[in-house]
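There are two complexes below, and they share chain A, which is joined by chain B in the first and by chain C in the second.
Moving on to the complex of A and B:
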């Protein structure tokens, strides 16, 4: 569950400078989130999908990753078509679906998936630690980057500890159900995790202070913008800008 | 509950991001570099805690734990939740980049509010009854407030979202009870095993 399964298959997209990827994904997401026109959204989705194809991601995993976001969208589909006021499209019993409602739900679905696809194609293909260093280079506050590193590092350690506690519970015949005993047991499980992690935090801090930790970030690999990074950055920015101009001219 | 990308209107997204940024800035001011390891490890613990699914009837819900988080971290809940949500977006695509601000605000602000409302009761000196009741209130109110804020963000996006927003709030009621019970039980456990975690040590400044 916690694996980064899309990292590195050595293709062009994956070799891009992580800073370029972050900037492009950020601008793209913001742009798609504020866009209002169907054509633009479809174009954005097509752009995202073409990057997925270029980066040869495993399609099956990609679809699996899109499920959680689309559950929320599906939930909205149950409501939006019927709650918008406007031209009736069809009726299901006492409920009348309107043209505007369906349009709005469809827009949300396309926007959401376009952003997700782009995020998966560009950012999840980068190791999280590299992303952290890239965020540092992009002037994200140092404390946040540190916190990001530590949290990511210890999620794995604490998840292992959690699994160990869960198997200890199973060995003792614990069967979860809807009752007080279950909730209490889970509460103690969380409590135990907190106790152990606070002990661990103290040990880690002491070890780090012994090694001269002063709150600075050091990276072994320096980032450098290569020609293909600059070309892709300019290309993507131009595409996003073109979509933006298209959106704006039709709005006016 | 995370709000997906592309759902909310730009003004809601911007307002959410601005408030979240202010909260994170306040939280970060209280963290010095010696506290970063413990903050990171606690954030990771809450991240793992949110992966725990507890059964409720035929279905199950995952824990949110923002009441407990607020109780232990105070304003520092903002950066902890920001980082947790960013990692969730990167690792499992829950939430996303543009909705990160709103989602952080919806979870962290209730945590901070509950810290101020109920923090006094969940200290070692109080009687067992007061302790249990305030811990329960803290856990359940944090979830309730989060639900209301998620509903409100949807409602602000458009009137038509109102029925969906109401259902979101209603869906938080059972979770609220479970979180309350769990927070109370967990706080009682910590009171016996490691009371210094409840002293608000991490929530203090400096």
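Moving on to the complex of A and C:
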């Protein structure tokens, strides 16, 4: 569960202030998502890939992470070209693919990969705890930060509970199949996990109340911007802005 | 104000869930300063429930609670109780909710209004006193079972309580960690109530054992002769117990 495999290889990108990373990823994603020109999208993808190279991430694992998301995009390629109204490009039996449909699918593919590459390069190279604290520092609403922390803390506990339940099923000879018994068993498993998690939440709250919890969580970490953080931030903002200008000049 | 060092005074406490027999049935308990009370009882006899009622996590349906000589009824009263009484939960995963050990141990002091630096200092001191120096940056969910239990104890002790309520602290601990826990408890200058099923542990860490049964404290001073099976080394050979033959 949540092994932080990209964390700590000590290069420049990894040592960046996490706040800088979050701001850059956020702005970059917004700009790429709203852009309409292929030049910009490709430039964004190139930018993302160059940061991946700079941060020396293991390419194999990067690809492994991109595969599941691109499976969704594959479905888009199956449906979009044939459902978009426009100029016909080719036909497969009764289905007609349109020029606009293909373009749209291509746009989505490039955009989402550009954003994902950037996310992986910058955000997954940061320990989750640090990310949470950075979010706090960036004045992200407290409740979101707390949800983030609690999810991180308890996803392991819930995962362990899940594994325990699965082994309890296995040692009594359960073998999943395509039948009612299997569906029912999995439904019980999910139900039991929900019940246990809710009980756990109750007990955690009680433990917190016993230690004087009154609705406030405090952060103990402090960040400081170093020169290379500022330079990187300015550089990245300039690049993102350049993408924005390219988009805008086309509109005008 | 404290009547002869009386800390916890429960009188005729009843508690139950609808449709089931009462968990606590007219339970009364007196707990004095300096006491190290062991509490035994079968599963479901209401030990944990009693702890939760003392801390104000559960509301009794009847009865009177007095802590440190003052009646406690409302949530506000219990907030003061929680500052002075610490509860160690059965499952350390319930107690440790912060990502890192330092944050978890500092959580209580911060809630008590200490500054960040003070809280960090207290956390450091507490960890060190439990032999956990250098644990500050460890990730809580990656600790071993024994470490989790000791860190949980640290999170409670960091609030500098006057009384500890320990709910089966030895469950899942190996012998070495259990011994360490005994040493720690013996070294504390705090009164405590200790729930455990482990006779040996209770004998070493408490000054007296009280029994709970069917939701109430059993006061039974009568001496009852009885026999029991026991295990020790060389038990195969003919031997004698507890009596010196005249020389």
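In this section, the second predicted complex is superposed on the first by the 233 of 252 C-alpha atoms of A that agree within 3 Å, B and C clash if a C-alpha of one lies under 4 Å from a C-alpha of the other, contacts with A are read in each partner's own complex, and residues count from 1 in each chain.
FYI, a contact is a pair of C-beta atoms (placed from the backbone, for glycine too) under 8 Å apart; a residue touches a chain by one contact, two chains touch by 3 or more.
Just so we're clear, the structure is a prediction, and the values are computed from it rather than from any experiment.
With the C-alpha superposition on chain A as described, chain C and chain B fit side by side in the combined arrangement. Working from the superposition on chain A, the chain A vertex angle toward chain B and chain C, CA centres, sits at 70° in steps of 10. Residue contacts after overlaying the shared chain place A:190 against chain B, while chain C stays out of touching range.
In the superposition on chain A, contact of A:144 is made with chain B only, not with chain C. Looking at the shared chain after the overlay, A:108 reaches chain B, while chain C stays out of its contact range.
Touch criterion met: A:132 reaches chain C, while chain B stays clear of it. After overlaying the two complexes on the shared chain, residue contacts for A:209 are found with chain B and with chain C alike. Contacts of A:218 after superposition: chain C is touched, whereas chain B is not reached. Using the contact criterion defined above for the overlaid structures, shared-chain residue A:171 touches neither chain B nor chain C, since it reaches no partner.
In the superposed model, A:92 makes contact with neither chain B nor chain C. Contacts of A:123 after superposition on the shared chain: chain B is touched, whereas chain C is not. When chain A is checked against chain B and against chain C, the one touching more of its residues turns out to be B. Nowhere in the superposition do the C-alpha atoms of chain B and chain C come closer than 8 Å. Common to the chain B and chain C contact sets on chain A are residues 128, 149-150, 152-154, 157, 200, 204, 208-209, 213-214. Residues 1-2, 4, 25-26, 29-30, 32-34, 65-66, 68-70, 72-73, 75-76, 78-80, 83-85, 101, 104, 107-108, 110-116, 119-120, 123-124, 128, 131, 141, 143-144, 146-155, 157-159, 162, 176-178, 180, 182-184, 186-195, 197-198, 200-202, 204-205, 208-209, 213-215 of chain A touch chain B in their complex. By the touch criterion stated above, chain B contacts chain A in their complex at residues 1-8, 10, 13, 24, 28, 31-34, 36-45, 47-49, 51-52, 54-57, 63, 65, 68, 72, 79-80, 82-84, 86-87, 89-94, 96-98, 158, 160-164, 167, 178, 181-186, 189-190, 193-194, 197.
Per the touch definition, chain C reaches chain A in the complex via residues 52, 55, 57, 79, 82-83, 86-87, 89, 91, 93-95, 97-100, 102-103, 106-108, 110-112, 116, 119-120, 139-141, 155-156, 159. Across the complex, chain A meets chain C through its residues 128-129, 132, 149-150, 152-154, 156-157, 200, 203-204, 206-214, 216-218, 220.
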